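We call the chains A, B, C and D, going by the order they appear; numbering starts again at 1 in every chain.
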Amino acid sequence: MSGNTFGTLFTVTTFGESHGPAIGCVIDGCPPGMHLSEADIQPELDRRRPGTSRHVTQRQEPDQVEILSGVYEGKTTGTPIALLIRNQDQRSKDYGNIVDTFRPGHADFTYWNKYGIRDPRGGGRSSARLTAPVVGAGAIAKKWLFEAYGTTFHGGMTQLGEIAIPFQSWTHTSENPFFAPTDDAELIAQLEGYMDALRRDGDSIGAKIEVVANQVPIGLGEPIYDKLDAEIAYAMMGINAVKGVEIGAGFASIAQRGSVHGDEITPDGFIGNNAGGILGGISTGQEVRVAMAIKPTSSIRVPRQSIDKDGNPVQVETFGRHDPCVGIRATPIAESMLALVLMDHALRHRAQCADVHVKTNRT
Amino acid sequence: MSGNTFGTLFTVTTFGESHGPAIGCVIDGCPPGMHLSEADIQPELDRRRPGTSRHVTQRQEPDQVEILSGVYEGKTTGTPIALLIRNQDQRSKDYGNIVDTFRPGHADFTYWNKYGIRDPRGGGRSSARLTAPVVGAGAIAKKWLFEAYGTTFHGGMTQLGEIAIPFQSWTHTSENPFFAPTDDAELIAQLEGYMDALRRDGDSIGAKIEVVANQVPIGLGEPIYDKLDAEIAYAMMGINAVKGVEIGAGFASIAQRGSVHGDEITPDGFIGNNAGGILGGISTGQEVRVAMAIKPTSSIRVPRQSIDKDGNPVQVETFGRHDPCVGIRATPIAESMLALVLMDHALRHRAQCADVHVKTNRT
Amino acid sequence: MSGNTFGTLFTVTTFGESHGPAIGCVIDGCPPGMHLSEADIQPELDRRRPGTSRHVTQRQEPDQVEILSGVYEGKTTGTPIALLIRNQDQRSKDYGNIVDTFRPGHADFTYWNKYGIRDPRGGGRSSARLTAPVVGAGAIAKKWLFEAYGTTFHGGMTQLGEIAIPFQSWTHTSENPFFAPTDDAELIAQLEGYMDALRRDGDSIGAKIEVVANQVPIGLGEPIYDKLDAEIAYAMMGINAVKGVEIGAGFASIAQRGSVHGDEITPDGFIGNNAGGILGGISTGQEVRVAMAIKPTSSIRVPRQSIDKDGNPVQVETFGRHDPCVGIRATPIAESMLALVLMDHALRHRAQCADVHVKTNRT
Amino acid sequence: MSGNTFGTLFTVTTFGESHGPAIGCVIDGCPPGMHLSEADIQPELDRRRPGTSRHVTQRQEPDQVEILSGVYEGKTTGTPIALLIRNQDQRSKDYGNIVDTFRPGHADFTYWNKYGIRDPRGGGRSSARLTAPVVGAGAIAKKWLFEAYGTTFHGGMTQLGEIAIPFQSWTHTSENPFFAPTDDAELIAQLEGYMDALRRDGDSIGAKIEVVANQVPIGLGEPIYDKLDAEIAYAMMGINAVKGVEIGAGFASIAQRGSVHGDEITPDGFIGNNAGGILGGISTGQEVRVAMAIKPTSSIRVPRQSIDKDGNPVQVETFGRHDPCVGIRATPIAESMLALVLMDHALRHRAQCADVHVKTNRT
């Protein structure tokens, strides 16, 4: 395949460009009989939508989703579910000046070299706007997993630039514009000031995002290549701007001894979760824990050196509407990707091990 | 698929268990006409082989590879190449005491729950021994990439537990038992002492491994799911014991400003490589840089709490022959996985963009 | 996958139901740089469109196609091409009486048993209406193959019920309502009378369709499972109502001796084409020849025995608008499927054998 | 993929050449917990084995299978099952004279043009010998389907050249050297005389093979591309020498009226089986019926015109050990392919529709 389909049994094939007529996806493999309407999907899209605070891009996109197929009388039929989102606020003229130049940190250079042609309007296919259909598909996966196993998803920002955001509770992530899992008003104010200063500088910053899934059935993941952690790493690293992925203890494992890292087991369950809910590539039934590093937005006002298509040196300053920290809106996307991976593997597990009882294991 | 095939166009399907009669793989999609014999593969297997120093498992396995198909008169024919490695030093009795218990940090618990049955001899399918066929396949990919593009691979250990190993040169990795890219004799002695102490304690430790590829063609990687970095993350996270993956600046990107992170471009090439050789999921032609966190070996002598199949509490102490730091032998494996990913994408690129000139870009 | 994606490197993922809001597809893997607009696609859709003669269904569907993505400034960009066709003439009420019964010869019984739910409006997903997006995708494949290799496609009806239609020339297929490759006015009149009688009877009839491709490059097809003939058989048998597929001499091969069947080769090319342009699963460069048997339409006015969902006996008479011979409109569909298979294999061939010169071989 | 893997969830990846060191396959996706040993596989291989009567090739191959992995203490573990068959009777010298020429009707011409290199010993990869691993994999699928659903397979030859073989009972297929479903001694004698005459002439002949599966669960098959009949057509057309495939009424459907073809349904089941057990691409629970046309063997003693690699005219006479009718040994192969398709779809059905009760429907 040419890389626009995600998943093996529960597949999502996306299409569209940032400033084309529409974006969307075709979701194949959703089991029949689940209640589904646009009302199940729209709230997740709204969480990711631009323009919701001054800290993110001001592009106005209602991101109104239409279900084109796969649902009859309010229930899934087992046939493909197509989601369509028309682009509204395209303003292609904003991008006129960058048609022939390669913006540093962007996909311009590589698309041009790979394809010999690229749609420069808003980054075309490489725009983070293409995560919207994924979030739509993720809403369906989340609903199915919750109904089948009670699985729930949470996520948020745990670091903004140098500022660590100590975890308090996932419930707080909807109470501030950063998906920060804290109700520390002072810290939130600090983050806001940090972002305001950054915007004044015309610069951008990275972030750390963490997502978890609870009530994950034991046994998801296929050795030895489609391990659950490998698939999660693939899913997360494929999100725009992600440069690193950790499962459980992640890079902290390097300095851990085996006698510390290996989670002991008692009749009441595991003690600790350095594994992040995955052993040997298969879910343990514990919380699945994932963290990722998001690089700073490449579209900044600060002038930067680059070249044009003919190899001539140019200076690039990006105006227009950009998220100064793409990490802010990354939480619903990362949750969605995690849901897509888990749902795909839940179906794969049913195929091969339907006779083995599916259990969940509380930590 | 059930997860034992790696790749899309250049595929590797592995089989075997740690203490079964044999392990091996079928490599499909290797272009015809390349000279190939066991002599091209054996040296890579020897780099990964157990028993090469006192710091790794003392299991004696010659890991002698036999090519069963796909080669005629010394050249690949375009048909599947099967590699066979007979297991020699099986000593199943070493593992008798763990048949009914779940070793902490191991796949025992999850395999049992997933399949309702497991081969406990040496970890069965979940053993790191199954990376041997991958290294065999990787040798073929490395050879092809070198002949087609001049691509070369290097890798080594850059941290052992708390001890950082400052990079000097990849040439040193073959001069010490750790694949450490340094000729600092004092540091090597420190690492040896550290490992000796650990063995005395019956404990284990994590490590950081880095691998790079040079002379990678521009344009490899498929948006938007089979991005090159996503596929690398999948490949690396799928290696036994890996808990984190970074591309380029990785987690350091979090605290970088966009004006620092985004690699500027001049008519002579990129300035810097925070991207790790990949932008928008597509190779830039720069060095591809990957780092990974390896957890400490789970098989340790230190007694640990666990349960048996019936849920009764047990105490587990693992004797037998184990690597106290699985990171030590991880370098050739990680290089091989990187080679498999690049070769697969080189073929995919030819399929869709054969008319676009393939370039390499020196940094 | 759940079966709604066709192809390996050039993939078509379709969605939609006969009477849902829209049907369409996402085409992934089209190489960049080809001129493409709706004007390239619409004529092929018009060939398949209902309501073009009194011998086919009178459903009024303009089948107006919209390209949603993958094209920039009139050229393909290498990213997915989404095609959208809104359904217009849905008239769901026509189908009200069959909601709870299983029409003989239809997918009603099997969909109900497979999914436990089905969209009964016009056959839902199992309707032949879903071949429209395939024809759209086929138009793109035909264009690319013609530009790359000069490949052309032809097809027509060579038997209607008991009436054989001797082949004269493919040019005649556009001159009569049956895609019959003949200008024998008497024969055409006979076919028309046959169809008129059938409609009066409220019955239906089968047909034989043949399609060919010329200027096919030598070397397409992957042994030993994705053989070109195997893939063509898969493609053709997947078209609604097809019950048999032949390549080259087909079933006539049974009574042939080897000294007759095996096409001899001279320095000027092959003598004969019993092989149908494929040997060992790989194209020879000769004309690729395929024939298929189309069963009679299952929707007929003649009353038939069946059961309802509760297993009670019912009598089914299907009114509404149906093709009394689905074979009539099958020609453009079969041509499209053949084009999709050849394009997919052309790309696969480039991946693995790019260095081997692609030749065409005139017969 | 490069075409050497069959299936989606239950996959078979084969390797090997006719006269290489070994042939075999890796079977991935077999559910855990099934009893399995070589004794389950060998009898099926013996049915296909050469040298069992004077009417087939006299090559002596014991085709002794070894299970290399995936089985522990006599049960499948859910991990890949590798089968290995060493080649014994290679006699490469028999083929020396054809190294540089293209035998009419063979894959020589196409392999050479596709790959620029080919293993000419016994046809290399294109040899029908490569169906042995498939039969091994088929034995596993048959066993699993029988244990899960009671599914059984039968098949035989129903036409040899011009001689029709009227069906009496599948039980007779093991009582004569042709897999003929008849105990008509006169007819068998006629077939033997026919074959003897053919051998004297140094010529070959085609055949028709039919295979059926009974107690197939309702609901197998994925619309709209991976339809069960489409997958069967793909499987059968991929067998060496097959030139046509029919499901149910097949080509006879062309001259059937809808009022005859569409199988009526009563509370006791279907009346008739023109559908061949498949409607809308999904199994009905009736007997699945498949027929195929096998072309005459291309390797014959009768001299034939051809060319060598340089395009010079040559005359080809094939000596050595060949089946004068490859159809004779095709029955176990076709049964195996059918079993592989059904097992793959049984697993796929469990993935997506596990909650829907699986039923079987007696006809």
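Note that a contact is a pair of C-beta atoms (placed from the backbone, for glycine too) under 8 Å apart; a residue touches a chain by one contact, two chains touch by 3 or more.
Chain by chain, the UniProt names read as follows: A, B, C, D = Chorismate synthase.
The structure presented is a predicted model; accordingly, all values stated were derived computationally and were not measured.
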Between A-C and B-C, the pair with more C-beta contacts: A-C
Turn needed to bring chain A onto chain D - CA fit, degrees, nearest 5: 180
Whole-Å gap between the CA centroids of chain B and chain C: 46
Separation of mean Cα positions, chain B and chain A [Å, integer]: 26
CA centroid of chain A to CA centroid of chain C, Å: 39
Chain A: positions in contact with at least two other chains: 1-5, 8-9, 14, 29, 32-33, 78-79, 114-116, 125, 223, 348, 352-353, 355-356
Interface residues, chain A side, partner chain C - complex: 1-5, 8-9, 11, 13-17, 20-24, 26, 28-29, 32-33, 66, 68-70, 72, 75, 77-82, 84, 114-119, 121, 124-125
Complex interface listing, chain D residues touching chain A: 9, 29, 31-33, 78-79, 223, 347-348, 350-356
Of all residues in chain C, those that touch chain D in their complex: 1-6, 8, 14, 102-107, 109-111, 113-116, 125-126, 130, 159, 161-162, 198, 203-208, 218-219, 221-227, 229-238, 242-267, 271, 274-276, 278-285, 293-300, 302, 304-307, 311-313, 348-349, 352-353, 355-356, 359
